[in-house]
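Letters A, B, C, D and E mark the chains in the order given here, with residues in each chain numbered from 1 onward.
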Amino acid sequence: MLTIRDINVKIGQVEAVRNFSMDVPAGSMIGLVGRNGAGKTTVMRAIMGLARLSGGSVTLNGENLEKVDIHRRPALGLGYMPETRGLIPDLTVEENILLPTWVMRGIDGKARLKLVYDIMPELMPMADRKALLLSGGQQKLVALGRALTVGTRLLLLDEPFEGVAPALAQRLSEVISSLRSESLSTIMSMSETTHSESLLDQVWRIERGANVAAGAA
Amino acid sequence: AAKDTFKVGIVTFLSGQAAQSFGVPAANGAKLLVKKLNAGEVPAPYNTPGMGGMQIEAVLIDEAGGATVQVQEYRNLVQREKVDVVIGYVGSGDCLAVAPVAEELKTFTILYDCGTPRIFEDADYQYVFRTAATATQDNVGLVRYLKALGVDIKTYAGIHQDYAWGHDSWVDFKAAMGRIYPEATVAAELFPAFGAGQYGTEISALMQRRADVIHSSLWGGDLQSFILQGLPRGLFRQAQVALSTADHVLPPLGNNMPEGVIIGARGSYGYMAPESALNTWWDAAYREAYDNVVPVQGPYRMAQALLGLKSAVEKAMKENGGVKPSSEQLSAAMTGLSWESPAGLIEMTNGKGHQAIQSIGFGRTQKDKDGNIVLGDILHFDARCVNPPADKKSIEWIEAGFPGADCD
Amino acid sequence: MNPILRTFGLAALGALVFIAIGLVVPAWFLFTMTKAVGFGLVALGLVGLLRGGLLSFGQGLYYCGGAYVSGLMANWAGVTDMIVLLSVGCIAGGLIAALVSPLVARYRGIFFAMLTMALSMVAYGVLTKIAAIGGSDGFNVPKPTLLGYHLAETGFGLYAIAVVIAALAAAVCRVHFDSGLGLIASAARENELRIEYLGASVFSVSTRSFILAGGLAGLGGTLNGVALGHVDPFFSYWTTSGEMVFIAILGGYASVTAVFGTALVTELVRSFSGQYFPESWQMLLGIFLLLVIVFLPRGVGSMWAKPAKNHAIRSIKEPAT
Amino acid sequence: MDLIFTILLDGLIYASWLFIVALGLTLVFGVLKILNFAHGGLYALGAYGAAIAVPFFAGLGMPEWFSLLAMFIAAAAVAILIAPLIERGLLRYFYGRDEVLILLITYAVFLILEDVTKMIFGVNPYYVFEPRNLLGNVEMGSLFYVGYDLALIGLAIVCGLGVWFGLNRTRIGKITLAVIKEPEVSQAMGVNIARIYLLAFGVGVFLAALGGAFTSPLISVQPGNSVSVIVVSFAVVIIGGLGSIPGAAIGALIVGIARAFAVYELPEAEIFIIYLVMVAVLIFRPEGLFTPIKARKI
Amino acid sequence: MSGAVLEVKGLMKSFGALVAANNLNVEVMPAARLSLIGSNGAGKTTFVNMVTGYLKPDAGQVKLDGKDITRLPPRLITRAGLGRSFQIPQLCEAMTPVDNILVALEIAGDGGSVFRPARTKGSLDRAVEMLERFGLERYAGRPVNELPGGVRKLIDIAMSLASRPRVFLLDEPTSGVSTEEKFPLMDKVMAALEGERSAVIFVEHDMEIVTRYADRVLAFYSGEIIADDAPDEVLNDPAVQKYVTGTAR
């Protein structure tokens, strides 16, 4: 479904990603694993268009993403949870989750919100709190919820378990595994696979921006 | 030597607030007069081409940017552009700053407009001249005019921009009032910032204090805004407003000018110019060149500077055998000189022969029979009636009760 | 060689070269360069502030302070010796800054800029009111002397003094910027919280830069007041401060010499466009500014002054990417 | 009593004018992190626009009251013509760069606008009296006030509430907030941030031009109007807290009333009263009266 | 006198209606290895922030070596001998790691001199040595904002250690650090503090790290300390298992 072919990304003088390739079949859970600075975040940003490719291509169901404006990519079913969480501090939790539905055509915000609450009921009590008041881990939850509202085809979760207490991490991996379906693929970046070994169909390793080895988890 | 060109640096406001009211009209006047002088088309006694036969080349410089910039630009004019003389400066600060530099560079320089008496009262210069009277006459003349019209004044108020010009004008006016209307008291004195643009509060304050006369040295955009904002609020009905330097807002405001406002022009300029062949020519030439707009103080003052220069150049050349005169020769020729200008006779009597005096006119707006606003009640005061004698400082002269004033 | 000695040696050499240049250039250019040094000194102080993440939009106050105090001293006490005047102006600028600093040193960014501007505007307003020192018209400053000699009318003497002062100031600033405190100041620009948690006071770091900048501004004000022969409250007006900022930003904070160059270039651009396009020089200045920002965003000084290299670690290899 | 009333009323009128101008400034800063020096130039363009539009529509035989509408049209026209030019053509290449650098860029734009305006409209003044005569005069206390001036108070309130409501109570407003705080993430959530930037800048330009347009009947429209406006509105925005709308309102009120007080009671201080107020406020509230909330950073 | 280096008594903090710290009492002995665990939003960072002067507590007292440091600014707390690192690294972003360390050493030294050059052979050597201790030398010459998260974390810690604190608080030192590097990182931190007999307090979500490096664990939940004991005891506490570690079934 998603095909990454020989992409290169330069950040400043640094080649953060070099000739990296990856295939994500429909309905799969992929782990993108590498040490700090290996380039995981950069790959995700490249898929979202936030990092510019200096070579190679990213195609989603045959469509070359490079031709799609950044702000039109979510409409293709791409849900992104950034490493920094990226919540809007002045908006409430609920508004944060709804944000993508406000700008996309033909999407039923209410229904999506209900779906997210069904999957993660712990968000409901926080619904009216402003995002800036949440602790780091709570923000992760909300960011995941927000990614779910649009991520109907491909979820990009950058370090979903990082900084999350074990109890919550467990809960998160439950949530993520409950999302498993025919049509939805998930890429999770992580520096370790402890929380998620059971979840993953495939692990892609990245080191210094380049592929190392791919294989089943 | 007749093939020589005579290079004149001309400095006046081409941008900023003073451009529209003073600078650009003066620059226009300069361009026009230089052209006419070069062509020898100015009436006698100025009907010889150029300056002593030399074609005039004008270098125009913007006066904006403050005294520091002007000192530098002055040096550039003299040292880089090698102009023969400099004519310029509306701002008092610019005049004060440039004068010592002119002296240092030994370059003949005419201050054509600025009003502060400090220049020749605080220092002596060899190369610096001012071909227009100081601001003293504006305010002394205005009080005399009020008296001549028989205006009854028990209280008066002032509104002036908050810089030297405004403060000096108010000081002179108050001093003159003290002599001529000794009973009158000050009801309010307001100093809005230069370029404030909004006068609602000031107008309220003036109206609440209910003065018989409101004196103002506002000019340009500030003055126009003040008039526009005061008119519907009845300010001009409530008090006799006396504006010391307002002639230049008459052409743009036209019939939006309120009735019964006393207008000064800092000289016998424009509407108040004396009848003479020279003035008739000047008025017509300017109107023809610039959309039939009446020349006001800016172009007149520029003209009297240029004509004074021409007189001095030609006088000096008569004495030096017809070569291009040096700054020293020009200075000698200019000292104590007098010459005819469209605004009447200019006499370099004060400041050891470096400071001009001239006559001044005032008028009051009124409606003519077609309902148009025109200037009526025009009166002139002789130069020696409104200017101190050569040996007196202005403010001392006023406070002493105008000794030696000659008002016929 | 000791880096401090080396810096001062270079400065002395530079001063000699520029004094030599002064012997051959026309008088108007000599004057323009002198004035550029005056502005450049103020901008150099701003560079110091900028290195610490502070932008003052009110350096006019200290510039004006230096010019007024030294100018009044020349007028009232008859002291015209440049060494005395420059010292007095420098101290006056620094002292005013020291008085103001408790008030401003805890601010950052735009607020700092605007607060300093407001203070300079209050000074401007007050000075325009004091008729005894000329109100808004200001006053003239007598011709300077040096050790009893009158400085030549050509302006060369003053220019030479300006060059020496500029070289000295640049050297002092270079040494200071490269010092421990200079490094801490730059660190404060990047992350104040970190500096506080390392145990340093951002407040006192800022205060020091501010007083240094004030002193340099006072120096510049004195030099320009004397060179122009005239001072007025416009020295403290916000557009004057704005011009200094303009020069400092164009110079960039990598270099301590660039500001003098950008001051000169700005003066020349303004002067020539003011003469040849008197009706549109503002536009040309605006376009010039845009061009510099677009093509040299880190300032002209970034062309030659590279951020200090860590020679000791050059040998260590970058990660092989 | 009468005096206090007059001071308050005069202060309020002045504050209303200030607020309309400062509102655009604070909005543009809030969204784009740009302290827009060119705001004064845009204000001047609004005034010129009104000076052209009012007679133009009168010439088309429109009724007199239409001149009020014509001023809105003029402001909108300025926004539509100029905002894309400046924002798309220049500013967008500098987003995320140093605030000071961007301030310099807008300063350059200001310089250019000054001369371009002068080239287009010349140095001779323009006048628009008509709108100011429409609303009659009102007697208040012992004085006459012009209805139009009082109506400015209403306009200021409408503008302020409008922008506040738009930003805090509408979706587009909340999207704008999102772009303010997290431009990149917003983009990844589907927000066309270019459009939001343009919109916010456009509204800012519109407000600047509107301020100018509605001031044009009070002044003679000519070069040199723009400079003083900038500094005062900077002061207002700083006093209120950068990016805060209620802050701008309170800031304008404080400045307006302080100035009115100075005119009556302390005319010598009028020239610097605004700066004194600013210094005083900042001493007690280092980031202005209303500081927008910031995200946790440690 | 209890012999504790750090005494925290009755610390309270609310944000509006939310109580983020409710009567926290802790005593820390010299050379203690104390870990703070807790669910997300339990109040760990708030605790660290109050102890280190970033937040002013509503009530309560913090004493370092018997000296009250409760309302001191961070600068003075640091100088008193209490250091901290940050959950989100606080670095001088445009500067290189070497410069960051130089700044830290400079401040920890004499606070920086007006003219003595910052970059002498000696000072650079010391900075590089510090980086080497954390295995960071290969990043030395790049601005830190170009460096990966884990590296930034280490630089942050290294900077904080320059002042040789007697009590050192680390807020999630290993989050964002890859598995392979977590243990080496903690080893380095602990080793660096070993010689000083400094007490270490670290917030941690990874229980492997907790069990390996802590000799005492505080478990936070909803603004309160729900357990305070040796690691084994705490991790077997049912409440802790339910709310924090999630190992209860």
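Going forward, a residue touches a chain if its C-beta (ideal position, glycine included) is under 8 Å from a C-beta of that chain, and two chains touch if they have at least 3 such contacts.
Which chain is which protein? Per UniProt: A, E = ABC transporter ATP-binding protein; C, D = Branched-chain amino acid ABC transporter permease.
What you are looking at is a predicted structure, and each value in this text was computed from that prediction instead of being measured.
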| task | Spell out the chains that contact chain B while also contacting chain D. | result | C
| Chain labels contacting chain A and also chain C | D, E
| Chain pair showing more contacts of the two, C-D and A-D | C-D
| query | For chain A and chain D, what's the span in angstrom between their mean Cα positions? | reply | 42
| query | What is the distance, in whole Å, between the centres of chain A and chain E, each centre taken as the mean of its C-alpha atoms? | reply | 30
| said: Taking the mean of the CA coordinates per chain, how far is chain D from chain E in Å? | reply: 47
| field | Whole-Å gap between the CA centroids of chain C and chain E | value | 42
| message | Quick check: what residues of chain D touch more than one other chain, meaning two or more? | response | 114-115, 118, 268, 271, 297-298
| remark: chain A touches at least 2 other chains through residues 14
| note | chain C residues touching 2+ other chains are 125, 128, 193, 279, 281-282, 319
| query | Of all residues in chain D, which touch chain A in the complex? | reply | 171, 174-175, 177-178, 181-182, 184-193, 293-296
| task | Spell out the part of chain E that touches chain C in their complex, as residue ranges. | result | 52, 73-75, 78-79, 83-84, 90-96, 98-100, 102-104, 106-119, 121, 124-125, 128, 137-142, 159-160, 162-163
| query | Considering the complex alone, what residue numbers of chain C touch chain E? | reply | 3-4, 175-176, 178-184, 186-187, 190-191, 193-201, 208, 308, 310-314, 316-319
| note | Touching chain E in the complex, chain A uses residues 11-12, 14, 34-38, 83, 133-138, 140-141, 159, 162-171, 191-192, 194
| task | Would you pull the chain C residues touching chain B in the complex into a rising list? | result | 26-29, 31-32, 35, 125, 128, 131, 134-140, 143, 153, 224, 228-230, 232, 234-235, 237, 239-240, 267, 270-271, 274-275, 278-279, 281-282
